[in-house]
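Should a chain be cited, it is by its letter among A, B, C, D and E, assigned in written order, with residues numbered from 1 in that chain.
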Amino acid sequence: MKVAKLAVLLLAMTLMVVSPVLAKETIKIGAILAVTGPAAFLGAPEEKTLVMMVDDINKKGGIKGHALELIVKDSGASPEKALSFAKQLIEEDKVLAIIGPSTSGETMKIKGVAEEGKTILLSCAAAEVIVNPVAKYVFKTPQKDSYAVIKIFEEMKKMGISKIGVLSSNTGFGKAGKEQIEKLAPEHGITILVNEVYDKAASDLTAEVTKLKAANVQALINWSIEPAQSIVIKNARQIGFNGQIFQSHGFGNIKYVEAALPAAEGVIFPAGRLLVADTLPNSNPQKAVLEKYKKEYEQKNRGEEVSTFGGHAYDALLILTKAIEKAGSTDKEAVRNAIENLKGVVGTAGIFNFSPQDHNGLDINSFEMLTVKNGKFAVLPEPKAKKK
Amino acid sequence: MAILAVRDLNKRFGGLQAVKDVSFTVTAGSIKALIGPNGAGKTTLFNLISGVLSPDSGDIFFGDMQIEGMKPFQIAEKGMSRTFQHIRLFPNMTAIENIMIGRHTHSRAGFIAGMFSLPWTWKEESRIRSRSREILDFLGISGLADSESTSLAYGQQRIVELGRALACEPKLLLLDEPAAGLNIKETAEMANLITKVKNLGITVLIVEHDMSLVMNISDEVIVLSYGQKIADDVPLAIQKNTEVIRVYLGEEEC
Amino acid sequence: MLRIKNLDAGYGKLKVLRRISMHVSAGEIVTIIGANGAGKTTLLGAISGLLRNRTGEILFEKKVIQHLSPEKIVFMGCSLVPEGRQVFSTMSVKENLLLGAYVQHRRDRRHDAHQDLDRMYSLFPRLREREQQLAGTLSGGEQQMLAIARALMAKPKLIMMDEPSMGLAPLIVRDIFAIIRKLREEGNTVLLVEQNAKVALGIADRGYVIETGRIILQGQADDLLSNRDVQRAYLGRDLDAEVKLS
Amino acid sequence: MARNRHLQAFLLIAAVAAVQLATMISDTQHYLTQLTMSGYYSLVIIGLCLLIGYAGQISLGHAGFFAIGGYTSAFLTTYDLTPVSDKAFIAFLSRTGMLVSTADLYGGQVLHLHPWAACLIAILLAIIVAYAIGGPVLKLKGHYLAMATLGFGTIVYKVVLGTEQFGAADGISEVPEFALLPGIAVSGKLSMRIMNYYIAWGLVILGVVLLSNLVHSRVGRALRSIHGAEDAANAMGVNTGRYKLNMFVISAVFAAIGGVFLTHYNGGIGPSEASIMKSVRYVAIVAIGGMANLWGALVMGFVLNFLSLRGYFGSYDDAVFGAILIIIMLFTPEGLLRRDLFSDIRSLFGSGKDLEEKV
Amino acid sequence: MNIELFFQYLVAGVTYGTIYAIVAIGFNIIYNTTGIINFAQGEFVMLGGMTAVTLHAFLPLPIAILSAVMITMVIGALIEITFIRWLISPSVLRMIIITIGISILVREIALHIWGAGVKALPYFSGTAVSAISIGDVHISPQVLWVIGVSAVMVICLNLFFTYTLPGRQMRACSANRDAARLCGINAKNMVTLSFVLSAGIGALAGCVVSPITYVQYDGGTALAIKGFTVAILGGLGNSMAAVAAGLLLGILESFSIWVMPTAYKDVISISILLLILFVRPSGLFGSKEAAQLKEF
C-alpha cells in the first residue's frame, strides 16, 4: 500500500517536472451556470460537460501546453448573482473568457460587464438579442430562435398548415420564442388564432389546450423548456386534439418524450443533430463530433442521457480552444479576434462560421427537423418532397 | 354630575347574554365599584366601556361624548384609562418606560420627527421622563424606575400598571381587579393608593372581588349577576341587600 | 393519598406558588380557598402535571409524580376537572365520556366502557338525554356535569375539581355540590378548589387557605368557617363594618 | 442614550471607511462590488428588522417591495419615449428637465424619464401599495399575516414574470446610471466603484441612524409596547393599527429604495429579485441578527449577503438559508445576536435553562 | 362557449381542485392537532411522488406506491420528532419560520438526491393519451383515479376520525389539548400521528397525480400555497369544507383561462386568498362565531 502511494507520488512529481503543461501558465476560464434553481436543467448538464472537457483537455496536455483552469459559479438563474460573479471572474480571477450564463436574462445583465471588462462571453442562452445587435465581446452558441421558427413555418407550409395556436411558458426561453413566432408568422402566411402564456410550473394544461381546440387550429406550437411541454401534448391528445403538434428545440431531451409517451409520438420539432447522432449518415460532417460527445458524456455521468443544453457548453469551450489555438496566444484581444474569424468549426449545434457581423455563427441548416418515432428521436422524413 | 353614563347596554357572545340591559352612572370624583360572581359579566362590561368590545345595543356617554363603538385608543385619548385583570405590562421595558407609554396621549412626536430626532422631540422626551418620575414618586416606587417590568414582584407590577394608567392623566380610571393576587397588606396599600388617586380628583370605576377593599373605599357599588344589574347603592345598603347576599355572598346556599 | 412538600411553581420567570406543603387523605374532601390570583389553579395545574415549571415534591400514593406528564398522572388515578369546564366542544357527549374512559382502556385493553357510561348516566340523567348532542351546545351547568363525568370515567382514586361553581346559577351550583357530596359517600377522595369559600367549606372535611402563593391557614373546615380572618377576606364580611353597623 | 447612539453611528462610519482603505491597501478593491450590493440588501433588512422585531409583524413579501422599487425605476428609465416625444405631455416633461437622453450599448439614443423622477415615482408607488395592502393585511395575525404577505409577494413575482413590459423572465436590462448630482452617479462602472461603495453605505448609515433614532423615540417606545402587549398599548392611547401600518410603509420604502439603487448599480433587474425565496431570506437574516436588534440585523445582512454574492455557498445557497432558519429558530428564537447574549452564555454554564418561551 | 368546452373546463377544474383539496386536508390535520400551519406540506407530496418513482424502477407499481407512502410517513414522523416535538409552547412566528426552513431544506435535499429533472409514474391504467370520451368531452382515466383515490381518502379519513380511538383522540386534542391530556391522551404522540397522517395522504396524492402533473424537486411550494388558499377558503381546520373550496378554486382557475392570460392564473387564486383573508377570515364555509375565538 505505502509503496504504491509512494510510487504515485513520485510519478506525479516527475510529471510535474517533465510535463510542459504545468510549466506554462494556466488558462483560466470562468463559467456562470444555473446549476441549481429554476433553470437547473440547463446549468447542470452544462457544468458536467465543461468539467468533463476540461479534464480531458488537461489530460491531453492542455491547449498548446497551457492547462485549463475552470472556475464554475452557480448563479441559480439569478441575474444579480450572475452579475456579481461576472465581476469577480473578470477582475479577481482575470479569466480569459466566461462561458454562460445559461439563461438569456442573466446574459443580458452581464453583457455590459463583459464589454467593460473586455472579456469574452460565450453565452449558452438562446435569445437572439444577445448577439443582435452585436456586442464586441459577446458570442453565443445555441441556434437562433428565429431559425427554429422559420424551420417550423417552412415545415407547416409543406403540410399546408396556416392556422395555428401558440403556447409558451413564462420563462426567457418561452418569451423569446413567442416573440419570434409573432414577428415571423405574417411573412410566412401563418395566422395565430390563440396565443397563450402559461406558468412554467403548470401541472395541467387541459384548459389551455381546450381553448386551442375550440379555436379549430390546424397545428399547435408549444415553446418552453420545462416539463410543461410534455404536459401540453398529453393534455392535447387526451382531449382529442388531432392537429399536428410542433415543439421548440427545447424538446430535445428524451426524458420529456418518455414522460409523454405515447402522446409524444409524431411531434415535430427543430433541433441540432446531437439527439439523432447515431442515425445520421456517415457523410454528415457533425456525426463524429456528436457521437464522441454523447458517448463521453453518458459514460462519465452514469448513463444520464445527453441533452442539447450540455452541447451548448461543449460548443462554447470548443470554440474557445480553437480560437486559442488559432490565435496562438492567451491574449484576450487576440483570442476574441480569432473567434470572430473562426470558420467551419464543427460543434454539436452545427457548423460555426463566425464573422464580425455574426457572433452566433450558425445558419439555418444547423437545425434539423426531428420527430418522435417509436419513442425515439428521428430525423423527419420528407414525404412530400419525395412525392414531387 | 355624571362623568360616565351607561344606558341599556347589551352584549351577546353566541348563546350567552353576557351583558343585559345594564344602565348606570358614575358621579365625577367618586369611586364606584362593580361586583358580582365570576362570570357575571363585569369584565365584559369593562371591555365595552373601554372600547375593547363594541356593544350590540345601548349607549355609553363619557362626559358629553358618546363613545360606544370607538376604538380603545380613541377612548384613551378622550381621557379614560384602565388597568387589566391579568397584568399587561410591556415586557422588555423598564418600569419607567412602561409609565412613559402612559404619556403617549400627551405627546406628539411622530414617525418623521422620531426618525430625524428633531430638537423639539428631545424636550418632549425629557418632559415625558420627568413627568413619569413624578408619578413613580407619587406611587412611592421611584426606586424601581429602571427595573425590568417583568422582574418586579407581583404587587409592584400592579402598582406600575396603576402608574401607567395614571400617566394618561385620565378623568376616569378603570381598575380591573387591582387587588387580585395581592396579600392583605398589599391590598391595604392598594386601597390607600386608590384613595390617593381619588383625592387627585380622578373618578375611579373598579371591578373587585376583595370585599374589604370594595366596602372600605367605594362610594357606590353596582352588583351584577348573569349580566344584569341587580343592585346599585352605597356599600352599607349593598351589604344588607338580600338579593345581593343570595346571589353573590352565597348566604342561602348549603 | 396525596402529599405535597415544599412545592414551588410558576409560569416562566414568574413564580406563583411558594413552598406549598399539604396533604389529602383517602376518603376526604379537602378544599383550597383563596382570592382570585392567589395560585389555586396553579396548584392544581402543578399537581396534575399541566404546569411543568415546578420544583419540590409531590407524592401520589407514595410515588413521586412531580416529574410526570399529565397523561401519566391521570393513568395513576389522579384526575382533574379543569377550571372553566373545557369539554371537547366539537364532539358529542358520548364521545367526550368515552375519551374519559381511555385511561381504563389503557389499563386493560378489553375494558368495556359501556357499563361506566350507564353509571354516569344514572349519576347525571341530563347527560343521557343529550348523549348525541355536541358538547359545545350544552348549557354551562351541563358542561360542568359532563366535565365531572368525563373525569369520573377514568375511575380516579383522587378527583380534583377547579372551581366547579364558576359562572353557574345557584340552583345548578347546588346540584353540583350535591353530586360532590354523593361522590364522597361512594368513597371517592376529592380535592376541591373554590372561590365560593362558604359553600366549599360547607361540604369539606378540611381546608387550606391560600394567599399570594402561600398557605396561610389550614385546619378543619368548621374551624376555618368561623375564623375571623377568613370571614373578613373570603366570606365577604367586613366585620369592622358589621360592628359599626350594629 | 443619545450619546451612545452617536458613538455607534460614528463607529459604523469609521468601519465603512476602514474597509475601503483596507481594500485599497491590500489591492482587493474588487470586494467593493459585493460590499456595495450587500449594502443595498442591508437597507431592506434593517427596515424589515424594525417591522418584525419592534412592531412584531412578520412579512414574507418584502422582496415584492424591493421589486416594486427596482422594476418601476428600471421600467421608467429604459422606456424609450422618442417615438412619442412630440406629444404635449412628453414635451412638457422634456422642457421641465424630467427627461434625459442616454446612449445605449450600441450607440443609439434612448429618451427616458430622469432617474430622480423615476426613483421618486418608485418610492411613491411602494408607499401607495404598502398602504393599500398593509391596511387590511396588518389586521391579521399569526399564520394569516404570514400567508397574506406571502401571497402579496407571490402576486408581485407572478406579475413581473408574466408581464412583457417588465421583460417577463428576462427582466429589464440596460438600465442607465443614476446621476444623483453632477459627477456622482449610481453605476456599476469600474471607475466609479469606490464612489458607489460610499453611496451605498452612506445610504445604509443614513438608514441606520434614522431607524435607530426612531427606535429610541416616542414612536419606537409605542412600537415596542405594541409588540409586548397590543391590547394594553391600545388602551394607553396608542393607535396600534396606524403605528403598525406606518412601520410597514417605512420598511417598504426602505426595501424600495434598496431596489431602486441596486437596479441602477446592476444595470438591470430580474424576476429572481421578487421571488419568495428572497423574501424568506430577508426574514432569515433578521431572525439571525436578532429580531429586535437593528445592529445585529445590519451585521448579519451584510455578512450573509456578502458571502452569498461571493458565491461561497455554491450550489447550497438556498439550503444554507433554510438550515440557518431552522437552527436559529430551534435553539435561539431571539436570534443569534441579541442583547442578553452574554448573560445567556453565562447562565448556560450555570443551571440548565428552560427553553420555555412566553407566548 | 359551447357545452363540450364547458365540461372540458369543468373536468380540468375538478382535477386541479381535487389536488388542492388533498393538500388542504393535509394542512388541516396538522393545524387541528397543533395549531401549526405546516409550510412544508407540499414537500410531502413531492417526496411521495419522487420516492414512488425511484422504487418503481424495481418494484411493481402498487407496492412501490405503498412503500413510498410508508417512507414518507416515516419522514413525516422524523420531521415532527426532530423539529417540533420538543419545543414547549413555541410562538406562531417561530413555527412559521421553522416549517418554512424545513420546506427549503427538504427541497434542497431532494434536489441533490434526484436532480432537477422531472419524474412521473406511469399511468395506472391506459396511457397518456387514452381518454374516456363522453360526446366531445374527454377525460383521462388517471383523472378518474385521482378523483376516486381522493374520494376514498376523504371517506377513510372521516371514518377514522369518527369511529376509531386514535381518530377520536386526535379530535380531542384539536378541541382542547389540555383537557385531552387530562383524559390520559398523550398529546405529543397525537401530534406525531397528525404529521404521519398528513405526510401519508400527501404522499399518496403525490403518487396518484404524478402521471398527470409530474413531480419535480421544487413542485411542493406552489402546491402548498394553493393548498393553503383552499384551506382558508374553506375555513381553516374544516376538512370537508376544504374539499368544496378546493373544487371551487380549481374550477374558478380553470375557467379563468378563458378570459385571462394564463400567466396570471396564480395571481387570480392568490387575490382570492387575500380577499377572503381581508373580508372573511373564517372562510367561506367556516362559522364566523367559531372563528372569533381563534387568533387571526
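In this text, a residue touches a chain if its C-beta (ideal position, glycine included) is under 8 Å from a C-beta of that chain, and two chains touch if they have at least 3 such contacts.
Keep in mind it's a predicted model, so treat the numbers as computed, not measured.
A.B. asks: Moving only from a chain to one it touches, give the least number of moves from chain A to chain D.
C.D. replies: 1
A.B. asks: State the pair with the higher C-beta contact count; candidates are C-E and B-D.
C.D. replies: Counting C-beta pairs in contact, B-D comes out ahead.
A.B. asks: Quick check for the class: compute each chain's Cα centroid; which one is farthest from the centroid of chain C?
C.D. replies: Most distant chain from chain C: A.
A.B. asks: Farthest from chain E by Cα centre, which chain is it? Let me know.
C.D. replies: Chain centre farthest from chain E's centre: B.
A.B. asks: Let me have the rounded angstrom distance from the C-alpha centre of chain D over to the C-alpha centre of chain E, please.
C.D. replies: The computed centroid separation for chain D versus chain E comes out at 34 Å.
A.B. asks: Go ahead and note the Å separation of the Cα centroids belonging to chain A and chain C.
C.D. replies: 76
A.B. asks: Hey, how far is the Cα centre of chain B from the one of chain E, in Å?
C.D. replies: Computed from C-alpha means, the inter-chain centre distance equals 48 Å.
A.B. asks: Taking each chain's centre as its mean C-alpha position, how far apart are chain A and chain B in Å?
C.D. replies: A distance of 74 Å separates the two centres.
A.B. asks: Return the residues of chain A touching two or more other chains; collapse runs of consecutive numbers into ranges.
C.D. replies: Residues 36, 170, 197, 199 of chain A each touch two or more of the other chains.
A.B. asks: Could you say which residues in chain C touch two or more other chains, in rising order?
C.D. replies: In chain C, residues 52 touch at least two other chains, as defined above.
A.B. asks: Of all residues in chain E, which are in touch with two or more distinct other chains?
C.D. replies: Expected reply: 88, 261, 263, 266.
A.B. asks: Quick check: in the complex, which residue numbers of chain B touch chain C?
C.D. replies: These residues of chain B touch chain C: 15, 37-39, 150-151, 154-155, 177, 179-184, 186, 209-212, 215-216, 226, 235-236, 239, 246-254.
A.B. asks: How about chain E: which of its residues touch chain A in the complex?
C.D. replies: Interface residues on the chain E side: 1-2, 5, 8-9, 11-13, 15-16, 19, 111, 115-118, 120, 127-131, 133, 136, 138-140, 209, 212-214, 216, 218-219, 222, 253-255, 257-258, 261-263, 265-266.
A.B. asks: Which of the residues in chain D come into contact with chain B in the complex?
C.D. replies: Against chain B, chain D makes touches at 2, 210-211, 213-214, 217-222, 224-225, 228-229, 231-241, 246-247, 250, 292, 358.
A.B. asks: Using the touch rule from the top, collect the residues of chain E that touch chain C in their complex.
C.D. replies: Within the complex, chain E contacts chain C at residues 88, 165, 168-169, 171-172, 174-176, 178-187.
A.B. asks: So in the complex, the part of chain E that touches chain D is made up of which residues?
C.D. replies: Its residues touching chain D are 37, 83, 86-94, 96-98, 100-105, 107-109, 112, 221, 225, 228-229, 232, 236, 261, 263-264, 266-267, 270-271, 273-274, 277-278, 281, 295-296.
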